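Both of the next two complexes hold subunit A, though its partner changes from subunit B to subunit C.
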Partner chain A sequence: MNYLDLTIKEIHEALVNKKVTPLELVNEAIKRAKEDKCNAFEYIMEKEAIEMAKTLTEPEKDNLLWGIPFAIKDNISTKDVPTCASSDILKDYVPIYNATIIDKLLAKKAIPFAKVTLDELAMGGTGATGHLGKTTNPYNNERMVGGSSCGSAAVTASAIVPFALGSDTGDSIRKPASYAGLVGFKPTWGRISRYGLFPFTPSLDSLGFFTRSVYDSATILNAVAGYDMHDFTSSKEKVDDYTSDLDKSIKGVKIAVIKEILDTISDTNIQKKFQETLKIYQDLGATINYVSMDRHLLKTLFPTYYIISCAEATSNNANLDGVKFGLNLEGDTFNDSLIKTRSKGFSERIKRRFVIGSYSLMAENQNELYLRAIKNRHKIVDEINKILKDNDVIFLPASPSTAPKFDNKVDQLEDEYLIADNYMVIANFAGLPSLTLPVGFIDNLPFGFNLTAGAFKEKKLFNIAKALEDKSGFYNLSIRTKK
Partner chain B sequence: MKTVDLKRLQIAANRLCFDMSEEEYQTLLNEFKTVVKQMELIAEDKTIDQYEPMVYPFPCDVTILREDEPIKPSSRDEILKNAKNKLAGQIKVKKVNG
Partner chain C sequence: MDFEVTIGLEIHVEMKTKTKMFSATPVAFGAEPNTLTSPYDLAFPGTLPLPNKQAVINAIQVSHALHMKIDHELHFDRKNYFYSDLPKGYQITQNRRPIGSDGYLDIEVNRKTNRVEIERLHLEEDTAKQLHFPNYTLIDYNRAGIPLIEIVTRPCIHSSDVAAKYVETIREIVSFLGVSDGKMEEGQLRCDVNISLRKTGDKQYGTKVEVKNINSFNYIKIALEYEINRQKALLEKGEAIVQETRRYDEEHKATQSMRLKTDSVDYKYFPDANIPIIKLSDEFVNNAIKSSKELASAKRSRYQKEFKLNDYDTGIILSNIQIANYFDECAKLSKHYKSIANWIISDILAILNKNALTIDQFEIKPKTLVSLIEEIESGKISNKIGREIFNYMINNHVDIKTAKEKLNITNQQSDDKAIRTLVIEVLDNNAQSIKDYHAGKDRALGFLIGQVMKKSGGKVNPALTSKIMIEELNRRK
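Our next item is the complex of A and B:
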């Protein structure tokens, strides 16, 4: 056993008791990172992390993040550290400022350890489309770890670090968390400043994190939540102590299960486990309410997401032209240079998304595509908020299966209506806090269930998640501690 | 809505300052057909126009005026450090006007 195999809370105790030092943790993380078989790294901050660790000599008893190394999805700005969002278009780009979330973690003396892979520009759900190729699942390298926060999930599940930052636009933290046996959390939209996050779909994007326990997730939120003048969409809503109610009884809590989503899951192991888990909640005093949602509306989740995300993405990435930063190819004229740079810098699938987005925004198409999608978003959000008016959380399997194998049609648009695979985008549409936690294994592959609460109800969400974690025993999972 | 065809997709791509191969346009065209077909599901909902377009999940409280605070801006060198072509403290690009 190594201290990196432990949760943040446990490592903190070891640091305070001087059983281990930040430098020893960083050195072990470097050793493990060099043995990585998942292709999870864009850049290991070896020198920077060692330098910082050497300065940390006196543990801070009340600061759980002191001396804890962490990984950063490579679409989050880190001053003087290469950041390319796993895309050739950002070749050699080095940000000149830190994202607010990085500054807040540095203020807590957590140690930035590595920049990790993602689906190119965070647009994808397989972990197979970054410029370095596939990032694989640490439990089985022939399987996906999911995306877009693939590297963050892989390094946390490999116990290279005890936590990693990710971003979530559709389910980019919560789905990989299920495939990698982790706690994956996205907060209420605006709860964490997004200053310094490369925008993909700002009306849906949230920063969040992967941890190996619910307590750790709440601990990080305590450190990074709050208003930021650099991000006008960040919220001024009061910041709670998210760890204070974790062990409170959940007696009387109301848990909604959407029948039409659950019914689309055909895996009998997942269905069986779900029923067992509902029983755990009932035994703890919670009430389970099966609720309904129009199946036709559920079928529209994915096209609504696709149109909105492509439309916002094409606008937000218009600045990637190679003039101010990133890949820059010479051309005969200014325009020729832009076309060469953008044609080579973006992969085919990113270009497809941009064209679809641009087409949806054109005046002659907008009514039938973009406007229709954002009206439908409103309808979906109204339906979800109705459910949450009478319930504390919505509870469902995070994915209809364990991590799938890679196939050749990676990230091509499906002709089917994959409700169970796409429903978690509801939390992004409505800006709700949402958390996936591990609940079991099938054929040595982990899987998780998801809880979504009302806006700014993170404290309640963590409380209900922790109650299940305590009973299920699926705590601190990694390939090194697998039960 | 205009019918989606290869020519229109090429125009859209060129407006975005990139190009794609014939094969890539074909994949895109197929993908478009799927998107349009799936979007028709929303069109079938006769109540959809009763909903206001939703851009953000909740209203953003934008504070227009705030107290002035002195800040240290980034230096010119810092801002230019990622640009490949520079001249006399400016980003150098090809001549746009003749």
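Our next item is the complex of A and C:
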């Protein structure tokens, strides 16, 4: 058995007991990375990781992240390491500064191991739109691993690293976590500094991570949460010890299930599993409350998200003009060069989003599109906060199916797509902590359920998730440990 | 035909805060290009804006000075457009809710007060500076992100005199508040002017022309007059005014067309999610106002009412914040305000002009000047000797004490007893003069005092000597 197959907590014990060294972990990770069949890597930090691992000789007993290699979604700024957000527009861009989350993990002596793929500029949910082509699901290379944090999900489920950083604007961590059988977590908006995260939609963006256990997720949050003077939106709310109450009884916990969302899921296996899981929670002493949300309002989730995210994205990516860094195609004038560079650097999909975003921000359309979407977002947030006033978490399947095939055609006007496949954006609209954890397999493909809690209730969220993980037995899943 | 001129002004003021509007990069004028930059200023992906508190305080102070309503919530929006001097592809500004709104400034021209209505004052960040060459352009990002306030009037000004005086008053306000040096030549204060003409009595405004690139206070009136006459001539010929942006050309003393204004650009403004709404407490706003430096208008009334200075002196002292500060420093140390004003206006300014110095660079500091003035006013030295010392100090870069030693000057004798001894001595030897004095010959008094002066080697205080001499003469009637 190899130590990389274990969770962070277990690897830590092995490191402390000197059964394995950081250098051995890194060398094994390099070996595994080179065998990767998912096309998950933008850049393997082979030299950098080995160099750092060599300096780590004395294990730190109380520091669980000491010597642990991890992967980084390639839209997170890493000093001196190429970062292109899987887009040609950022060709050869090498940042001159580290994201705060990277500095915090470096302070814990975790080892940055690789930059991994994403849907181009984090816009997309298939993992198929990065400039290197499709990133596939380690359980089945014919299938999606989901996006936009496709590389992060793939390398964690392949046990190349025990954890990977991702970003989540609509469900970009939590949906792939479901398709890859992982714990995928995004915190409250502002809990983790966004300094160094390439912006897609700042009002929705969150950094987060993929792990193979709830405990590991809480461990990383301990290391990276907190106010950051570089991010004006980072919260000064006290940072908890998120691992401290994980095993507390969940007796009396109130779990809300939104009927209208659950009802749109047609897969009977998922429905059956969901009922079994509710039973587990009930047996642990939790109360299940079926609550209701206006179906019409739910159908607006996706268009609302699309308008807001495209609008903000046009502006956030306007810095990519070829003048300062990244791709630059020469032209006779600034405008000429700008048009050439941006026409070549962005894929058609991205340009389409920019056109939609720009259109919805135009003075004559703004009321009808952008501002209307903003108002609708507030309406949705009000509804969700009402539910969370009376409940500790909202609990639902993280997706209506297991990982789809790449050529999967969905009817984007079907309720199942509009609602069940896109509802997790609610947590981004309201800035809430949200976690997906694996609950089962259908035809050898994993799937997960999602828990969303009130703002800054991460501790409670982990507690409720861990209770299920303990009972379900779906702990530390990867293609190497799957029996 | 009679025409009414309508003018509206947009003034951008670059603030001299320690750091930029949204980053911790230092602000300094005249630094080597591209040495004052940070990842944020160059719009590296993932960097985030951090609003500058001092810039907000400054904006509150200027808003207050312009009698504006101050918004207790700060809202920042993005103004989206592509340009090579705009690193992020958008500028963070305040579109929907400017920090200051609905103010005014009363401008006096030819003893008539004109109220200039000010629509808004908002905070924003400056763009990079561009240097254009025939085949390429260089960009200096030192300027990118420097805090700006933009002050926009309503179209309510009807003469170039009022417009020019308004700009000067804005400069005076921002420089006296310490918000900016307001130097137009260095781009610290930039003004764009909208001008239109309509037939007197018409309700509809005429076609608006924007004039940019007025780089000096001296040119404001000239540029506006030129533009007014140009438009007037066209209208009189029955030709239409083209809606356009024109630039002022200093060399030709004329405005020239830059570009036509077709449909106005859609900047697709929307709120910046990286800066959530900032609530300003009453306490914060009040403290900002309370900590404002004294405006020129307040100084003017203080100088005239408390210090009894005349219009002329007041005007010169307030022509420049550094001179006003120098004067105020002196006035804190001595009550001889008129004398301080005289020294500054007739002696110091002459030297500064001759040597092209500012008063901050002047080697005699207020404390020294005041001690010299005090010695003169208390009669220790004469006015003439005072000026000799002053000149010696400047020419030889020494302090008062050394100057006096070198010039062999000892203080005037102001000891009553010692002077009286000398007076008695002189009177004892000049019986005829005593008689002459009592006979009404005034020259006798001058002669006698002259004798005392001579005896003392010129070191007695003339006023005191004269007083004692008269006392002693009266005893010998």
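Going forward, the second predicted complex is superposed on the first by the 472 of 483 C-alpha atoms of A that agree within 3 Å, B and C clash if a C-alpha of one lies under 4 Å from a C-alpha of the other, contacts with A are read in each partner's own complex, and residues count from 1 in each chain.
Note that a residue touches a chain if its C-beta (ideal position, glycine included) is under 8 Å from a C-beta of that chain, and two chains touch if they have at least 3 such contacts.
Everything quoted here is computed from the prediction, not taken from an experiment.
Of the two partner chains, neither subunit B nor subunit C is touched by A:A33.
In the superposition on chain A, A:Y97 contacts both subunit B and subunit C. The larger set of touched subunit A residues comes from B, when the choice is between subunit B and subunit C.
In the superposition on chain A, A:K236 contacts subunit B only, with no contact to subunit C.
Contact with subunit B, but none with subunit C, is seen for A:V381 once the two complexes are overlaid on the shared chain.
By the touch criterion stated above, A:F429 is placed in contact with subunit B alone, subunit C being left untouched.
By the document's definition of touching, both partners, subunit B and subunit C, reach A:D321. Judged by the touch definition given at the top, the superposed model places A:A363 against subunit C, while subunit B stays out of reach. Of the two partner chains placed by superposition, A:A403 touches none, neither subunit B nor subunit C. When the two structures are aligned on the shared chain, A:G331 is found in touch with subunit B, with no touch to subunit C. The interface of subunit A with subunit B overlaps its interface with subunit C at residues 93, 96-97, 203, 229, 232-233, 314, 318, 321, 323-325, 334-335, 338, 358, 362.
Residues 1-2, 4, 8-9, 12-20, 24, 27-28, 31-32, 34-35, 37-39, 41-45, 47-49, 51-58, 60-63, 66, 74, 78-79, 81-85, 91, 93-96 of subunit B are the ones touching subunit A in the complex. If you check the complex, the residues on subunit A that touch subunit B are 92-94, 96-97, 189-190, 203, 229, 232-233, 235-236, 296-297, 299-300, 302-304, 306-307, 314, 318, 321-326, 328, 331-339, 342-343, 346, 348, 351-352, 354-356, 358-359, 362, 364-365, 367-369, 371-379, 381-382, 412-415, 417, 429-432, 455.
Contact residues of subunit A toward subunit C in the complex are 75-77, 83, 85, 90, 93, 95-97, 99, 194-199, 201-203, 229-233, 311-312, 314-315, 317-321, 323-325, 334-335, 338, 358, 361-363, 366, 370.
For subunit C in complex with subunit A, the residues that touch the partner chain are 39, 42-51, 78, 80, 82-84, 87-90, 137, 139, 266, 268, 270, 272-276.
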